[in-house]
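First up is the structure itself, then whatever we jot down about it.
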């Protein structure tokens, strides 16, 4: 059985939520926003105005009771994810949950239990890099093996600036979190250890931040990874990866687009934020999720992927504080997730 | 009044039609394929299978009579466009008509008359380059004038190969036709004359073709244009333009994507066909048309644009045959199209 | 017999002459500047100061009489070349003569006669592009034929600005002159006709200039060439060529060097003038000439090449004035130059 | 006092020595090879044939006694450097000594003492990267500070392959040795510690090698450095550096040259070996050394630089063996070298 038009309830109508409401309405085929769940009434009304016909609710339980949703997109802050996910899992609806699954490994584990109880996978976690065309191309290239074994991955994640509210731990939990998901996915391997090294501090960074940092990871297949995490580089937004193989090197995330010669220089515009860098990735992610939800399946990063990232983040924060390598210890993959090929 | 979900009838279920049916079904928000109009029954059934719920008809009149369409996408060969467009115009439905509007200026003019009779613009012609993100960026850059006046445009249109059925005139009517639309749109000007020069013949071209050619155009604002038209360059598909300004140069259509070092070389994959080069352009074109159709408007290239291109093509073919510059003579823009800002 | 250290007399101590004196002194192996010939005494003294041990003379005849030169580099304005070349040819010394050989075909022909009388080739004309590493690489690539026949050459020659003293004819005689030498050299063919088209005029150009222009040439092997000649593009200096083959395209002259991300942009510095763009070409040209002179041979562009370019320039100026294609008619290659393989 | 033509004795006529003999003869202005010192007579004769007029000697003492040299270029294997340097220092001749200065810190220190005894600096060590135009441009950019403080340096050093004779320690002593010189030179700082991490082993590497490795350094100004050292990457030779600043990023060592579209790909040829990658660097290094020697000065990397690199190499080898960070402890700069601004 397949749903012809997926009625999506969006929980959380902040910046990210509103963005998804606009996307689902104007860009995603086969889906409409039927419900906006948001306790702040003004914000709810503003967001619902983006989606003709959408009803507003204050709590997800109300929307579930009304029976107006076929699927749910969760865009609240991470600390509220569990509260939203549990009733939706109980109702058996497919979910796209913005990253992180939950703020810590323990809560993530609780969510896994709740999903498992329902007997089938319902959660996709919003690690949108997996849907970026270049990341996909690189992953396919690694898997094909035409350049031999993958030996190293060398990455950069550079933001122009961050607000004062951005904390030291967010370097790991908000930013490197994407690498913790996408690197194992690229390399077909698991993170074994994490170490964090400090570069010379950028004086343009908020006073409470000590960055950039270099995150060094070892994977269980021997691949070594180093990622520059830099949130104050001023010039723009850049996420790039270089993959070193036995017989070659591949690189993604390089500047593209219209070329301009002006004022003594050849120039390409760099991305200004993740919104332009990952616009296609977000669009493909949501389309892909909606397509799978209409078929009754999940094919993106699972709750188990979300759990593994939560464990890596905890290790990453400890590594950043201690200055020492920290092991990443994972339980065996539960058979519930193995079966699904997650 | 706005239509929540646009029911689109697709006329013609060949390669291009099937492609649009898949796009409207899987990629376009707010639209469904409700009807497939195609005289070949097997082809009609195959195409309809891509669009759950779509009905099949042999003639567009049948579909119109059935009242199952809010808008029509015309993807038949160009010589049949008039036959399809006239009844749809009479029915007052919005149309996306694949290029060319019609095979010659006279027929194009007939279509203009028919549209005008209905009292409002209904036709968008499928010049998808206008929706390509880089062409749009270049047009905006020209319009802003930050590098001063535009002085020249230098283009390339290179195909890997063409089938034996591709004729000499198709160099102009099938390929350069896109330049005849997009160059005036970029430059904010009209084509005044066309000349065609022959390069050394490519011996890998089908025996009846004499190409590559160089098409030289003068615009009425003095801008000079030269376009290499080359359909046998073997290595891939490339459409690129260099814009020369008073104080700078801009270039679009350059290689992009994953970078690879292998076997002594740094490499980027070049496009293999227009399908990858203009995938985004097609998606944006159809989304943009469907959005406008739901609002009851047209905002892409108009039937008048289609007419102007037909006149330029006729001049281009004459120029190619004669080896001499040929003037492009257009009537004044009919007030019907001026009013609409076309 | 080979000269261990070539004593070079430099005639003309203006900007180009002084540049060559510094080059011969500091960069060229196996050569020293032994004489500076320059009627302006202050200028002569300043230039001689760059070359320890160099003597100054007012007339080339004085230097010849003094017997202090093994070879002569001519860097006077073109209209004085004949006056300098004739006595040096009579003395039998090897010559590097800055371009053009002479300002017109007739004078160039006189110089050919004088060289022929001496019984062996002595003159190399200063078309330095032939020594540019990328031009050489492109020529070799064309000759190897791995991408099939050459079909078209598409070029740009862009200067930031020119002084008010730069005349309309200098577009051809000073700038396109390089293309008239290097294109036949690249393509292994002769120019058959030249046509000049005007682009929209650059209002930043000196008031008496009408440019940029597009120069269209046909070669006797059918290769079609178009070159944008643009002397007011403001942003920098750029000389680039795209070669179109049966099975591929090659491009030289693209931006290189240190890559910089700053202020929202990825940037490469473009050349500011021919001095940086062709620095290596000049160094290699002079080294190559000095090496050949020490061995008693000439292996760069010959006086015959200089003559052919003078004929093409005359046709080019006529084409620019008339707006019509002009044939380039050359006599048969004199056996004196055929024998030498020129 | 200045020497008009520097008579250079080259000690060691193996591959590197022969290369320098050819360079001094054909490329370097103001220098000739007057002596080839090489115990192997056949090799000495072959090398001397490259340099017209050069005499051959078996021992450097013989050449010194003959008084036929103004300066000495040492191109023997590193373990023989001390033996050659001591008598030349005693004779007071300027020296260009191929890297390393000596195989270990102790021997290097002995050489420092010998140089100091003579009362003026005579030794330049052959760290040619300092003469590479892009390294120079990057260093100047760092020094100017227009992008703010330098925070990180991220490098790659990739060889296609190495012979079986290449040992694990040579990863540090032969290859990373260049980074140990050039990174402090770029950053204006001293290496404080070195750590070595192992990537997944490249199975195409000789069986006794465990590589690629990642070398992580901290400089005394807080700059963090990571360098991928990879000697089996098969596709070519690549040395590149990315410099991360407060307000930007700069990158050198990227692919350049003729661009080619062929067989579905846009391609640039990558360097095949250090010979093409650093050809200009070698030429400029030797020219610069010869110019300084003629003036009686030294202006390249000094013996003290050579000593510091020897200390860093010893720490690097220990770090590679232990897997732990190792401090790099240097004595204070001797006043003899401070005075000279080294």
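A, B, C and D are the chain letters, set down in written order, and residue numbers restart from 1 in every chain.
As a convention for this text, a contact is a pair of C-beta atoms (placed from the backbone, for glycine too) under 8 Å apart; a residue touches a chain by one contact, two chains touch by 3 or more.
None of the values given here were measured: they were computed from a predicted structure.
For chain pairs B-D and A-B, the one joined by more C-beta pairs in contact is A-B. Chain centres computed from CA atoms place A at the largest separation from chain C. Averaged C-alpha coordinates put the centre of chain A at 45 Å from the centre of chain D.
Centre to centre, using the average C-alpha position, chain A and chain B are separated by 37 Å.
Between chain B and chain D the centroid-to-centroid distance comes to 58 Å (mean Cα coordinates, whole Å). Listed for chain D are residues 233, 235, 238, 247-249, 261-263, each touching two or more other chains.
Listed in rising order, the residues of chain D touching chain C in the complex are 2, 4-5, 25-31, 52-53, 133-134, 137-138, 141, 147, 247-252, 254, 256-263, 287, 291. Listing the residues of chain B that touch chain C in their complex gives 148-152, 154, 158, 197-204, 212, 214, 216, 218, 221-224, 226, 228, 230, 232-235, 238, 244-249. Within the complex formed with chain B, the chain D residues making contact are 233, 235-236, 238, 255, 261-270, 272.
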